[in-house]
Each structure stands twice: as structure tokens, then as C-alpha cells.
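Encoded as C-alpha cells, here's the structure I'll be asking about.
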């Protein structure tokens, strides 16, 4: 059974070690904070100048001067700090974030990432994506394995404009966890009842199956949130 | 009559306009603050991270965390701010200081400044001198006209290692005020009873006498401090 | 040293056609909306805006662009919700757009304010935003050369100020504001509260007054409802 | 996230011979003297120190140099009063010395912390400190190319901290400390007071905890005499 979007976020959250400093992209990555295992302290960085961003503010309690990089009115955890964009991108580019979890349009088997624009006559807008992709110590992608139209997102060569070459270390999808080691794409885990062949059929790149291939241990739901698709 | 060291500082102080942001070097420049005319607000920058440095702290009231770049325990004026060295040198190099008043070993007729070391087997130490010389909008030198041994400090070419080429706009000495315009050394003012020939005799560079040459208006003393040498 | 100006209209009165103007803010936090609206009332032409986003109707930056006042926008993320004027003008070929990675955008501004001639960043190497840029390998890694970016004017939003222009921000208002304050010929700060000189502690001042030329009080309504001492 | 270490000796226990170590401070303010004295007790060899001054007997840096523990000093102003050990060792040919303009010194450290590959500064052009350095003319002005400068360890002095290593400074303690905190593999902060997480406001934190690896409380006697709330 494939994972839901929340299931992907849950699986990512369990791999972030205690004491991590993490930047989260929009979409599935932004769900990761809901599933941090109890007892782990993980500080969320937001590129507009927060270390220690907390959950969204309850309705009516928004602080007009406090948003995250997605424009959500958020809160601050105890121990949080705020700073300007120069320091925020020194944190990003300087290798101070332990992890970034990003969405993707495409990921290549060598770890090239495309997640900022699709080709064509559109307004370009890159934001902090390129800095984060080159700067975080580990870049993980959290995404559905294919597009809404069933096209593979994991490909031999990205056809979309690159965010950064050779930056992705792991890919978490609804079907699998993959790692990129020495420019090879390795299947590390499959979702329950999903086979390596299922994953390969939905992947447009050569896949090496890890000798230690595991089946994900993931509950069907947690606190009423479904993690596995029915 | 030549000026005392305090007289040189007095003369400089009267040329700093209201609203100036000024970095002062050691020696004669550090005396300038005593003579700011009443009503003018001039903020003193210190390269170790102060804008708005005040007078030295009274004995017994020193704050161990508050020194200026000379290592003196100073005070802060109301409206002062403190910051790190990166911002402090952004202020310096970025052209934000309106004036720097510096000491000199030698100044050339084209405005080259030598004020950081004498040649020979010594430990080199430059501090902020080079940044200030290239960064302040106007660099003024305040110095005795000659060395203790009577050697001219204003020369055709500096023989000492340069701090920065072509950076000095004005030179205030015990004998004269000179400006450097289009790489020419111009005598603008002489001290009372000092003639252009007196100045030229103590200057090792070609001197152009300004058609508007003035005699300095300076009291013999102020508040018991002698400004003119007896 | 007193830099207080009575109104936003007065603060922007001398800006000519063709001026380059930095505007702080990210979100809504830290956007000097009153200055932007005053600028819009000037009905200028050929402006170059340096602003991280694309502007919306609410912040007035979208309106400036819709008015046709802007020749060029130097930006990082002009594609957020509400940035309709940018899209229409750009796709119609009526707006020049230079898009930079956000870290490069702010670092170029910082370089200008700090008197540097340029810098090398790893961001953008191997992407289409590297086109036309010098690549240099330093210690085995490839970097792009980037030039400083400065402007004729900067519009800054701060929370509290004193009459000399020392500035304090709260929460995520800082974003580009303290950096842009270093990199323009004329820096105009819109603030919620102006206090007397000495009201701000030396440590809490984020933008020292040396960077600020004009201060105008334009409080947002909600600020009036907060206790004066609290952040 | 709890980074508190019991003693300065424990905080420096893993530093090997030959390590490069940044030390904050300018004056006396902001020098982490207790860490320096603990380092001296380690009796290491071949250290590379990155420190703006030359060190004195009081701050312990002069003692480290006099001990022969230091192979090289990267500095800006090692010629202040009291810097006798530097002078003796340097003139005896026993200490390598790299002297940088102070703005270049701090900017090289910032570049390392910010992930930049280098930068161009106008400072030093046409002087003997430009020897061997690349000169580039940008927009009509000459600049020197400077590389980033990082270290294995940084010793930082702050006033207050929380247990995660968020740091606050007072008066002129900041100097190089917040910048060096960004540019070393292991950052050790000596502070006057450690409080609980949440004790510092988000705006007053000058060094976010992401930069800090170890925190050790080593209060100076005078700090105990001040009211706890005042700066």
C-alpha cells in the first residue's frame, strides 16, 4: 500500500536525528513537523529569518510580524531566534543546516534536483531553493513517486531546469525510500505490499536494489491521520 | 606661532560639520572630541563596534566590557549603538563614515598616506588603518608638520610603507592647513605669524599657495588649554 | 541629526523618474507599505525596483507595477500568490525582470553596503541562472561571480526608531531591511513609533543611525493596541 | 540540544596538536580567557591561532605563544602594548605571522561562515600587504581577491547563554565573536551566565544556537555584582 502525503512526511520525520537543524520546503515537507517522534528536539529554520519556527498560530492569534517563508503566520518555540536575510542565508549556504527536506518536480539518478520552475513562457521565481540545495549538509526530497498524470519524477536526466546538480542524498516517496550513493540510485525501502518491480516500473532511471532492502514499518494511521493509502 | 597638539585638534574640530560620523585615530586625532563647537552633534565611530563613543569613563566607573579601538575604557552617548566587527568594517569600507581623522608618519603631495609601520625588522601590525583610509568619504590627517627630529612629514613620495595611495584630502598641522586637490598640494591656511615660506621650508614637496590663503583664527587658549605654542 | 520627516509624501518627494529603489519586506512583515503608497501617488516612470517578491495590491508594489511606473524589477520570488501585475506586465513584454537566488540577492546588496567589489557564491552553478556569469573553481569547488547591488533609494520598515534613525525590528520584520539600509544613497525608514534619542539600548539597535537619512512615523493600527514596552 | 559542558578543561579536552583555533575578543572585552588558560594547560604544539591581537600575559594568549605552543598566528594588530611574546618569538624566527587589515581579517572569516568562495576588497591595494594577491578592476576601481578563512575550533566569549547555546553579548564584547562562531567546525562558548531555554528573547539573540557546539559557564567576578536583569 502506498503512503499518503502524511505518510511520506511521517517516514521522513523518523529519520531526522535529535538535535537536527532543518529547513522544510512547501508541500509534503511542510508536514514533517507533525510527526517528529516525542523526545527529539529538532529546530526548524525558515529562510526569512527564523531558527525555531513553531506550529501555525491559532486563528485570531496571528502575529502580523511573524510569518515563515511560505507566508504562513507561525509561532516561535522557546529558544527560537530571529535574524536578517544575510545571516539566514549564511546559515543556509555556509553548511550549518544539518538537513533540508524539499519537494521536487524531478530528481535525477545522480542527485540532480529540479524543483523551481517548469519550462515555458512563465514568470521565473527561484526564492531560496538554489541556496538551500547547495548549502544544507544533507538534502532529502519528499515527493510523490510520480506526477498527477503518472509520469515518473525520478529520471535519468532532468528535463526541467535544474535547481542544483548532484545535491540530493535521499528520496522519500509514497512507494519507497531511495538513496543516491556515488551517483547511483539505490532502493533502500519499499512501502508495505509494494515490490521492487512496482517501484522500478514507476521510475525512469536505473535502480539498484540494496542487499539490505527493507519493508517500511509504518502504522496505517496515527492520531486519526491516515499514513497508508486505502 | 605654531599650534599645540590641542590647537591642531581644535582646528580640525571646527571643520567637522554638524551631523558628521567620524572615526578618529590615535594621538592628536583622539583629542578632536574635546573641541567640537557647542550645538554640533558629531557621532564618533570606533572600529571595534561603537557608533556614538563618548568620553573616557571616570576612574572607578570603567565598564570592563566597553573599550574603544585604542583600548581606552570609554562611555556611550545617548543614541549610541554597539555591533560586531563585520558591521563595523562594512560601515568603514562601505563609505558610510563622513570623515576619518588620522595620524601620519608621512603624507605625499598626491595624498598617499603612510601611517602603519616603519621599515625594518619589526612585528607588522596594521589594524583598521588601511580599511579606514580607503573607506571614509573624507580622510583628513592631523599631525605635527615635521618629526621630532625636524624631518618633513609631507613629502613628494612616501618612503615608508603605504597605508593607502591617494586617499588624503586635507592635512592639519601645527603650521598650516593644506588640501590635496587633483593631486596637487595646496596651502590653504597658515598659523598666526607663520609665513608660506616657513611652511615651504618644512615641507619636502612642491606647495601651491591658494589665492585665498588665510591666517587661522584660533584663540591662544581655551578653558585653560593652550592652543598656540608660546 | 534629527531625521524625522512629517509624512510619507514628504519623505519620497524628491525621487526622480528613473530612480532605483530598494524595498524591504518579506511576507507582509517588514514591507514599508505607506512609503510605497506615497511613491505610487508620485506617478513616476521608469523606476527600477529591487524587491524580493512580486508585489500585491495590498502592499502597493503590485499597484506600482500595474501603473506602468516600473521599468525593471530585480527580484528573487516574484511568483507568489497575488503577484498578478508582475505576471501580466512581464508576459506582455512591458517589464524587465532579473531573478536571483534569494541568498545571492541579499548578499549582492550586502556587498554594496560593505564596500566590496563582488564575491563568489556556490549557489546557481550548473543552472540556467548561471548563464553569462563567470565561473571560478576555488579549492576544488565551482562558484559564480556576483557583483554588488546598490540603489538610489531604500525604503525600510522598522518597529521602533529614535529621532536620529536608530532602528529596532520585531519578529520577522528584519528580513532585507537592515541590509538594504546599508546599500542606498538615501535611506528612508517607515516606523511604527519614534521615540527620543536614548530610548533604545545600544545592544538592541539593529540598524545604527549612520545608515538612515529620513524617518517617518506611520504606525500600523495594531501596534497602538499593544503595551508600549513589549515586543 | 543541551550543549552545556561542566568545565573549560573538559570543553577543550579533544583539541589535537596542530589544530587551528579562532579566538574572539578585542580589548579585553570578549576574550574567552578561561578557555585560553585551559588550552594552555593542554601543552599542545603546532597550533595555528586566528586572533586579532597579539596576546598578553593576562589573557593567556601571550602565554600560549611564549610556551611555544603556536606555530602560526593570523592576526591584524599583534603590536599592541603587552604583546611581548609575539615580538620575541617572531623576531627569533620561531613564529610565523600573517597580518591582515582588520576589515579583511573579519570579512574572510565571515565569508567562510557564509559559504562564499572569496571576495574582492579595496583595502590594501597599492600596499605591501597586496603582494602576491590578485588585483581586479571592477567598475573602474581596483580590488584585492581574498579567500575565506575558517578553523577547526573557535573560542567565543558571550555574556548570557541558554543551554542550547543561544548567545547574547553586552557592549563591545561582540567584536569578532558572532562572526567567528560561524566559521569553525567546533565552536566553544565561554559565558558569564547560562539560563534555561526560553530565557532570551528571539530578537536579542545575536548568535543563534545553530552555530554553537559547547557552552561553559565561567563567570567573571564583576558580573556577579550586577543586577541579573540589567545589561
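For reference, chains read A, B, C and D in written order, and residue numbers begin at 1 within each chain.
The rule is short, and it goes like this: a contact is a pair of C-beta atoms (placed from the backbone, for glycine too) under 8 Å apart; a residue touches a chain by one contact, two chains touch by 3 or more.
This is a predicted model, so every value here is computed, not measured.
**Student:** Please find the path from subunit C to subunit D through touching chains that uses the fewest steps, and give that number.
**Tutor:** When the steps are counted carefully, the minimum from subunit C to subunit D is 1.
**Student:** With chain centres defined as C-alpha means, what is the inter-centre distance between subunit A and subunit D in Å?
**Tutor:** Comparing mean C-alpha positions, subunit D is 36 Å from subunit A.
**Student:** Averaged over CA atoms, how far is the centre of subunit A from the centre of subunit C? Could you give it in whole Å?
**Tutor:** Chain centres of subunit A and subunit C, defined by C-alpha means, are spaced 30 Å apart.
**Student:** Taking each chain's centre as the mean position of its Cα atoms, how many Å separate subunit B from subunit D?
**Tutor:** 30
**Student:** Residues of subunit A that contact two or more other chains, please.
**Tutor:** 76, 82-83, 86, 89, 92-93, 134-135
**Student:** So which bits of subunit C are touching at least two other chains?
**Tutor:** 107, 110, 114-116, 121-122, 170-171, 202-203
**Student:** Make each chain a node and each touching pair an edge, then name the shape: line, ring, star, complete, other.
**Tutor:** Shape = other; not a path, cycle, star or full graph.
**Student:** Pull out all the chain pairs that touch, please.
**Tutor:** A-C, A-D, B-C, B-D, C-D
**Student:** Sort out for me which residues of subunit B touch subunit D in the complex.
**Tutor:** So the residues of subunit B touching subunit D come out as 46-50, 63-69, 71, 76, 82-86, 89, 92-93, 121-131, 134-135, 161-165.
**Student:** Which subunit B residues qualify as touching subunit C in the complex?
**Tutor:** Touch list, subunit B to subunit C: 18-19, 21, 41, 43, 45, 51-52, 76, 78-83, 86-87, 89-97, 135.
**Student:** Tell me, which parts of subunit D touch subunit B in their complex?
**Tutor:** 26-30, 52, 54, 75-81, 83, 86-87, 90-91, 97, 99-104, 106-107, 110, 121-129, 159, 170-179, 206, 220, 222
**Student:** Which residues of subunit C touch subunit B once you look at their complex with the stated criterion?
**Tutor:** Checking each residue of subunit C against subunit B gives 1, 110, 112-116, 162, 164, 166, 182-183, 197-198, 200, 202-203, 205, 208-211.
**Student:** Once bound in the complex, which stretches of subunit D touch subunit C?
**Tutor:** Checking each residue of subunit D against subunit C gives 107, 111, 114-122, 136, 138-139, 141, 143, 147, 168-171, 201-204, 231.
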